[in-house]
Every structure is written in C-alpha cells, then in structure tokens.
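Just below sit the structures, each encoded as structure tokens.
Presented sequentially are two complexes of chain A, the first with chain B as partner and the second with chain C.
This part shows the complex of A and B:
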C-alpha cells in the first residue's frame, strides 16, 4: 500500500517556522521536516527529545572507569616498571591517557548509538521526499492518508498563506527514513 | 525599563566604611607584621586587578567576535575596567614593600647566588617598576579609548555608529595582543618572581585564564545582582546559558593549564622545579592545594555540565561564589609559601579583603551610574534584547 504526502517547500527559515506553528495550531500532524542546517527551534516545536546526551554521559563514565582499570592492570598488576622511582599507580600520568581515550570512546559509541537508533548504516537508501532539501530549501512533510478533502484543501492553503513556494503531492511505496 | 543606575547613600556609606576598615587594617598591619601585610596586600591587589582585566578581556573578545548576545551587558565589563587606574596606584605603592616580598630585591642575597645574578638583568628594582608603569599606562589608555568609543555610540547618528563600532573592534584587536604580552610580564614579575629560583613558562597563560575565568564569573554575578534589583528585565534563560557556558568552558581551560603545569613538573621530577610543589604539599597546604582545583575546576565542571543547571540562576550564583573563593585560594597558595610561609587567616587577611571589596564595589557601581546602563547605540542591541537560539 502506498502512502500519500503533501510536501511544502519553503525558501526562508522564518516562513518555514511560522508555517510549522500554524499547522500545529490547526492540529495537523507533521510527519517530518527537512532543513539545510540544524535549527534549535524546530527541535523544540516538534517536541522531539534526544537521549543522546545522557547516553554520551554514561559512555564517558564507562570509558573513564574502563581506561583507569586498564592502566591499573597494565602498570601495576601485569607489568610493573619503575620509572624514576615513581609509584606504579601514578594517577597524574594516567589522566592524559584517560582524557584522550574517553573522548575517543564517547565519539565512537555515540556514533554507534545514534546510527543504531535512527537505523542508519553505510549504503542505506533513504527515502528523499524532495531533493531540494539537501540543497537550500526547507521542507515540511505531512501524511495525508487519513485526511479528507476539506482538510487537504485547508492544509494546502495554509502552507501557501505562510509563504510556501510550492506544495507538492507525492506517493511512496515504502519509506526508509 | 530602568536605564540609569544611581549610587544610593546607604551603599556609599557601607562601601566607604569597608574602605576605611581596609585602610586601617593596612596601616595597623604594617606596624604589627609588615611582611604578612605586604603579602596579603599583593594578593588582594592582584585579585581585583585580575577581575578588572578579566572583564576587559571579555569586553574585547566580544567586540572582536562581534557577539550580539552580550551587547546589552557591555556596560558591566566597562565598569570593571574602570578599576584599573586604582589598581595602578596600589601597585605603585607596592614599591615600598618590595623588600618584604621579593627575595631578588636584596642585593646581598643576589650576590653570590648564581641563578639570581644571571636573572638580575631582568629582575632588578628599576626595571621592575618601569615594566609596571608601562603595562599600566597601556591598560589605562586602552580602557579609556574603548570606554569612550562605547559611550560615543549612544549619541552618534546611524552612519557614525558603524564607524565607532569598527573602530572599537580595531582597538580591541590591538589590545588583545598588548594584553597577552603585558599580562605575561606582570604575572611573571608580581607572582612568579616571589619564588625567584623557580620558573614555569606556562605560568602566565595559566594566570591569564584564571583572570578571564574569575573576571567573567564576577561580571555574571554583577549582572545577576542588577537583575535582582530590577535592571536588565530582558535577561532570559538563553543569556544565562551563554554566561554559564563561559564559566563552564573557562573552568575547563583553567583546569587544563593548571594540570599541564603540575603534570610536567611532577613527571620531570627536577629538584629545582619540584621544590615549588613540594612546599605546597606540606601539611595544611595540601588541603588548600586540592581545594583550589576542586573549587576552580571540579565544582563548575560537574555542576554546570547538565544544560538545565546552566540555565538556573541560583545554581550559577552558587558556582560563582565558589569560584570567587577559589581565585583567592589560588593566589594565596601562589604567594604566601614564598613570602611568610605561614598558613594563617586572621584580621590582616580579612580586613584587606573587606577594604578592597568595598573599593571595587564602589568603583564599579560609580562607573555604571555614569552612563546609561543599556547602551542604546550598539548595532547589535536588538539581537541582545531578544536573544534566543
């Protein structure tokens, strides 16, 4: 079964944002939006919450404990070497290694967590609603499967009133997003 | 919107009383324990100068980066810069205490001491005073230029505003180079040369970042106090976020430099370098040593890490109060072991802190009251008033 969408194309960020606001006022459900660059306000408007910072915090905690344990194991338990009379468990010299490896671990783990959560993998073919969203246009996608004709008309006129340069109809067989 | 700050009479009386306490403590201290008094005089002098210089650094950085969000608050760093001439007078008075503070200022101590003889081309009293005068002259000059350009913006017409705006950016760019060089010299002179045999090349950078961190903290604190009094009604959570990110990131940079200096010396383990930390790891001092990194780095870092606490005025205020104490401990640990070596906090310390707090508050508030609190002519003012992201 194919799914039908209305796609509003905008030239400017301000018009795009005010259009999201008025669509939400009329209780249309926005399927997704695409912008050329990240906009904080859209994130708040669509009430999207990200748990990635929390995940990153715990990755960091995990990394610090693991790296310190690893350094303790290598330089105290497994192969203690006397460096200029310093104690085997010399915390100040561990810090730099810990910082660097923590940054590395958090980066890789966050990337993995983000990819897994948003089902991204190399070579994936995404459904692109409108190719211009990868260039300089702002795009609002609304699923129209459950809308009747009068609502559809209202939706189109609303987006045009807010300054959409184009409102397109598109149908997709499967959605990979 | 209240736009003009007035100095109330009770405030004036309280600050003048505090200044009197400071003057009385200083004179009485000179009679009872001159060395301890001079050492504490240096600490508090440097403390408040570093706040003023931190404010100046914040100011020039904002105009170089053409930041919009902070432009409504720029009278506050300007007012902090107004303290620099006062600090200049106090540092010139330090001339009479040089022998109590600096080992290298005694010619009989230098004679026969190979290291100090080698350094005496740089570390001698006339050159020390000349450097001090040059640095202060440059700072006062640039503080005056930047302040005047900023005040002219308020009364200039539309075309002239941009000329003034670009001019103050140009002077900020010049000042930031001068600041880096002169502030390095002065921290080397005033603080590092107390331990004349010891040196650290990262010392100036560490103290510069400390000045920036604590200058921004106190600046934020002043903005909060004014907000509580009903000024800056437009202050929103995005402003708070930006202020707290400044404190947060600078405390990380401070911790980085602090650790870089410590780590190299600890790892290199050369006796003439480690003696600096050996003294500071004796009983009692060790507590302050760890308290310092806890207050200046660990607490700001951990507390301000979540976004929510960085947008909460109470949380930021508490962190800033810790940082205000932290900067004092930082300087105490740097100055006292090389001079009196006594870990003591008594009436001399407390009296001088009170006196200088009174003076700094009076100078800043008087400078704030001399101009409109919100600069009406700044091109980015509208952006700052409606700041959000």
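This part shows the complex of A and C:
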C-alpha cells in the first residue's frame, strides 16, 4: 500500500475529541480514528452510521414469513395431523416457534452481516495503525496523499497544539508477524 | 444521570486506561494460585463421576434412575430447570441492564454471560439424557425425513423448549463472544508471547477499534440485546408451559410463566453474586467490583425475593380459592404438610425469608453474608423445582398411582457431574478469558469520578 498517513497519538479522550473538531474546521479529511472504547461523540463528528438495525429488521421480516410458511406447509399441506379436532393451521400456537426462530435467524444473519461489513472473521490477518490503540491511546489517522508540504506542516503543528503526544508517519502495522 | 455522591464511583482508585488493561488481564498473565488447582481437581473428579453416571445411563437406560411410571420426571428435570434458571443471569444482567443503560453492569456482565453459556450447556444435557435413547436425539429437529415425512409437533411446549434453548444458547454465546472481540485484540496487542498473540489474534478476528468497527459493534450489541431480552422472558415461560399445559394438580396454573421467569432471574443473580464474591476475594478486583456493585445485586435480590414470596402465597391462595379438592390436596396435604414438607418449607425459608436479611446494610456489605445467602438462595431454588416437579407427580388424582420418589446414585452422579463441569468451565474462563469487559470498563472509568453535568 503506497498511501501515506499521518497519525496523531493522544492520551486523553478530551484532547482527542477537540483535535478531531479543529482538524475538521481546517478541512483536513480524517481517514479514521482508533480508540480503546466506543465514543459516541466521535460517531457524530465523523458522521458514522450503521445500517445494521435496518438490515436486522428485514432479516426478521424474512424470518417471520419463512417460518410461518414452513409451519403452514408442514402442518397443513404436507402431513396434517388431527390433534383433538383443532385446526391444522393453529396459528396461536405457532407464534412461539415463530418468535424463537425469528430471533435465531436475526442473530445469525446480523452476525454474518457484521462480519462481512466490518471484514472481521476468525483468523484474519491483524493489521492496525498503532497497536497501542487497543490499550490506552486514542489515534487519529489522516490521509496525506493529497496534501502539500505546507499543509502537512500545518497538520502536524495543529495536532501537537491540541495535545498529541506523538505525531507519526505510518502505514499499517502487522501484529502477527 | 449517574450521581457519584449517592452511588459512589463505578471504578475506584483513579485508574489509568493501561492500568485497567493490566489489572484485568493479570489473572490471565500470572500462574493461578494453589486454590485454582485444588478447585479444578475437585471439579474434574465431580465431572468424572458425572461421566460414569452418564455412561451407565446411556448403556443401561434410564431404568437405572429412580423415576417410575408416576414420577416420570425426577432429578433430571429438577436440575434441568435449575440450570436453565441459573443460565438466566447472564442475559438478564447484560441485556436488561444494557437496554436500560445501567453502567454498573460493565464489570460483571462478562462473568455473568460466561456463567450463562456454561449453565445452559449443563442444562441441555438433562433433557437429552432423559430421552432415553440419546443417539436418536436428532429426531427432534424438524427436517425432511424418511419417517413419513413425519414432522415434529409444532404445537408442543416440549418442542418449543428445544428450540428456545437452542436459540438461547446461540444468542448468549454470540453476545458473549462479540463482547470479547475488543478484549482479545487488547491481549493480542499487549502480549509478548508468540503463542498468545497467534491464538488471541485468531479469535480477535482482526479487530482494530476503528470508528467503523465500534459503531457496528454497538449497533450489533443493541440488536442482539434487544432480541435476546425477548428470549430471556420467553425461554423460562416456555419451560413453565411444559408444566402448565399438563393437567397434573399443582402445575395447572396461569401464574407459571412469570413465576418461572422471576425465579430464574433470582437464582441467576444469586449465582452471579456467589461468583463475584470469589472473583473479589481470589483476584482482589475490589476496585472494579466495588461494595456498591454487590450492594446493588443484593438490593435486586431482596426485591425479587419479595416477588417470589408473593408468587408462593398466590399459588397457595389460588389452590384454596379454586375450591378444587385435588389442588387443595396437593398444596395442603402434599406440600405444606405431608411427605415433602422439607422441600416446601426449605423453599419458603431459603427464597422468601432469608434473603430479607439483605434489608440490613451490614449484611449487604459483608462478603460472608453475601456468599452464604446467595448459596442459600440457589439451594432454595433447587427445592422450589423439586417441589413443583416431584410433589405433583407423586400423588395425582388416583391414589393407586401414588408413589414416592428417591433418586438413585446415578441421578445424583449426573447432577454432580454438571456441577463439576460448571465449576471447571468457570475456572477455565477465569484463566483464559478476561474476567471483565476491559473496553467497557474503560468507557465508564470516568463516570462518577469527575464532575459531570
């Protein structure tokens, strides 16, 4: 990967957030940020949104229709059994199975969607900008490909003013060497 | 919002972030004390006894158990319901408190979820063995087959139970594992051992903690939490319908679903408390699981205990109020008095009366008090299930059906085996998985320590 990045390393959440704000004011494009825990303000600032809830809703809709159709097929069409004269399509007692299997399906499908969308799966090669970001550092990554020298200087000094403990040039680190 | 002056800080001792990683990972990085090996040894012996009992059960059949034509459900179903109940804590804890945005869950949820997963696995063993021919257990899956195709009975609570527990196990495990991703990444990035790096790197799935990862992580947590909250309520309601659709006196009550769900959460929280007392004592993590955490669990327990007391008295009242002589007999002649008084009064004393001691702050703050009462609650919950399962079956409508029931050592062995497996599972969890959700503890470390408005 030939892309160049500047990364600012911060010790404190407050400084990190105010630095994101001032970088955005100066119209630097933040490539991504890495934090040891989720910070909601960051999601707002970087306009991160997840469409997983919408996807989950449709998984659920799909599951409900499929399960009810399956129950109808097995109990009415394929092998109807007369339980003491009750109707074959005994919808009220299908509700429990429908709810549980819907939950089952939504769980599996949402996990799969999460894994596919975030590209997280077992055994994936671990690449990370700075391995301290999963412990105690807050990292801002700015793509510097399109920046000229004076902009670069401005970027570095801005991060330092905002309290970055280090400003580094980096590519991805590979942890499992 | 969270008020520190009233409730105290969530994490004590003004920790830095890396200190938190270090202290929580400490049990994994140091060799465990002698107590760990002794406890693990004991649990393995119990598990071996369990495997022997399972071997006898499978090779000779369930005739080796004390169950008979009248009391068809003995210790196995008692223990099944008991374990499922304990398995409710993790989800109840994590998920209800997650949805209610209760931040104090953070240092306890991981252990509670671990407990859930292990307890549900222990529970699932019993109905499987109870089928008799366990190698035909796959008949319960609704798949196109050569037996007709004869489908399973989708109207039967026993089938509902099967899918509910399967779904519950899946979702509890997923939720637990999802929460561990950031922590596995932390271990991967901190450790110097190559083997650990490879293993936790593999299971960490390439987690980086980027904003894209975090927002999807949070969304997925809430999705899983939201739908699992439904399961927490439904699993034990379904277990209760196994009984409530029966026409046996003492089971035929509309009270059963909420009564079972609350009872399950009760025993689960009690088990969480037992575990937390040990974690605090053995790993000296009192800064994370503070006295206030224990206090909060104790308050929840005393509240649930009142609900349990109400449920017990409602059952007895309805039996009397129904004017049904069989119900009257079951409650007044076969539970309150009769052959099974020990179990009935044991249940009342352990679940409804003794937990009332938690009204006293001194007891909520003493670890011995917490430990003893939490164990007593689980004993009481075991009595409750015994009381429901065995008393009703042993004396039904027809006196010629009446039999008493005593477990054989094989049944005791299976139970001891699951206790051993549970303990072993928990000990391995302490050793190889971060006891607390490190990233979540980090996110709450400032709550209650700085002035916030």
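Details
We adopt the following convention: the second predicted complex is superposed on the first by the 162 of 177 C-alpha atoms of A that agree within 3 Å, B and C clash if a C-alpha of one lies under 4 Å from a C-alpha of the other, contacts with A are read in each partner's own complex, and residues count from 1 in each chain.
Throughout what follows, a contact is a pair of C-beta atoms (placed from the backbone, for glycine too) under 8 Å apart; a residue touches a chain by one contact, two chains touch by 3 or more.
Quantities reported herein were computed from a predicted structural model and do not represent experimental measurements.
After overlaying the two complexes on the shared chain, residue contacts for A:84 are found with chain B alone; chain C is out of touch. Look at A:95: by the touch rule set out above, it reaches chain B but stays clear of chain C.
More chain A residues lie in contact with C than with the other chain of the pair chain B and chain C.
Once chain A of one complex is fitted onto chain A of the other, the partner contacts of A:52 are limited to chain C, with no touch recorded for chain B.
Residue contacts after overlaying the shared chain place A:124 against chain C, while chain B stays out of touching range. In the superposed pair of complexes, A:144 makes contact with neither chain B nor chain C. Contacts of A:33 after superposition: chain C is touched, whereas chain B is not reached. The contact surfaces that chain B and chain C form on chain A in the two complexes overlap at residues 53, 86, 93, 96. Interface residues of chain A facing chain B in the complex, by the touch rule stated above, are 40-41, 53, 57, 84-86, 92-93, 95-96.
Within the complex formed with chain A, the residues of chain C that make contact are 16-18, 21, 142, 148-151, 153-155, 159-160, 163-164, 166-167, 170-171, 174, 178, 181-182, 185-186, 188-190, 197-198, 201-220, 222-224, 227-228, 230-231, 234, 238, 439-440, 442-443, 446.
Partner chain C is touched in their complex by these residues of chain A: 13, 32-39, 42-43, 46, 48-50, 52-53, 56, 71, 74-75, 78-79, 81, 83, 86, 90, 93-94, 96-97, 99-101, 103-104, 106-108, 110-111, 114-115, 117-129, 131-136, 175-176.
For chain B in complex with chain A, the touching residues are 259, 262-263, 266-267, 269, 305, 307, 388-389.
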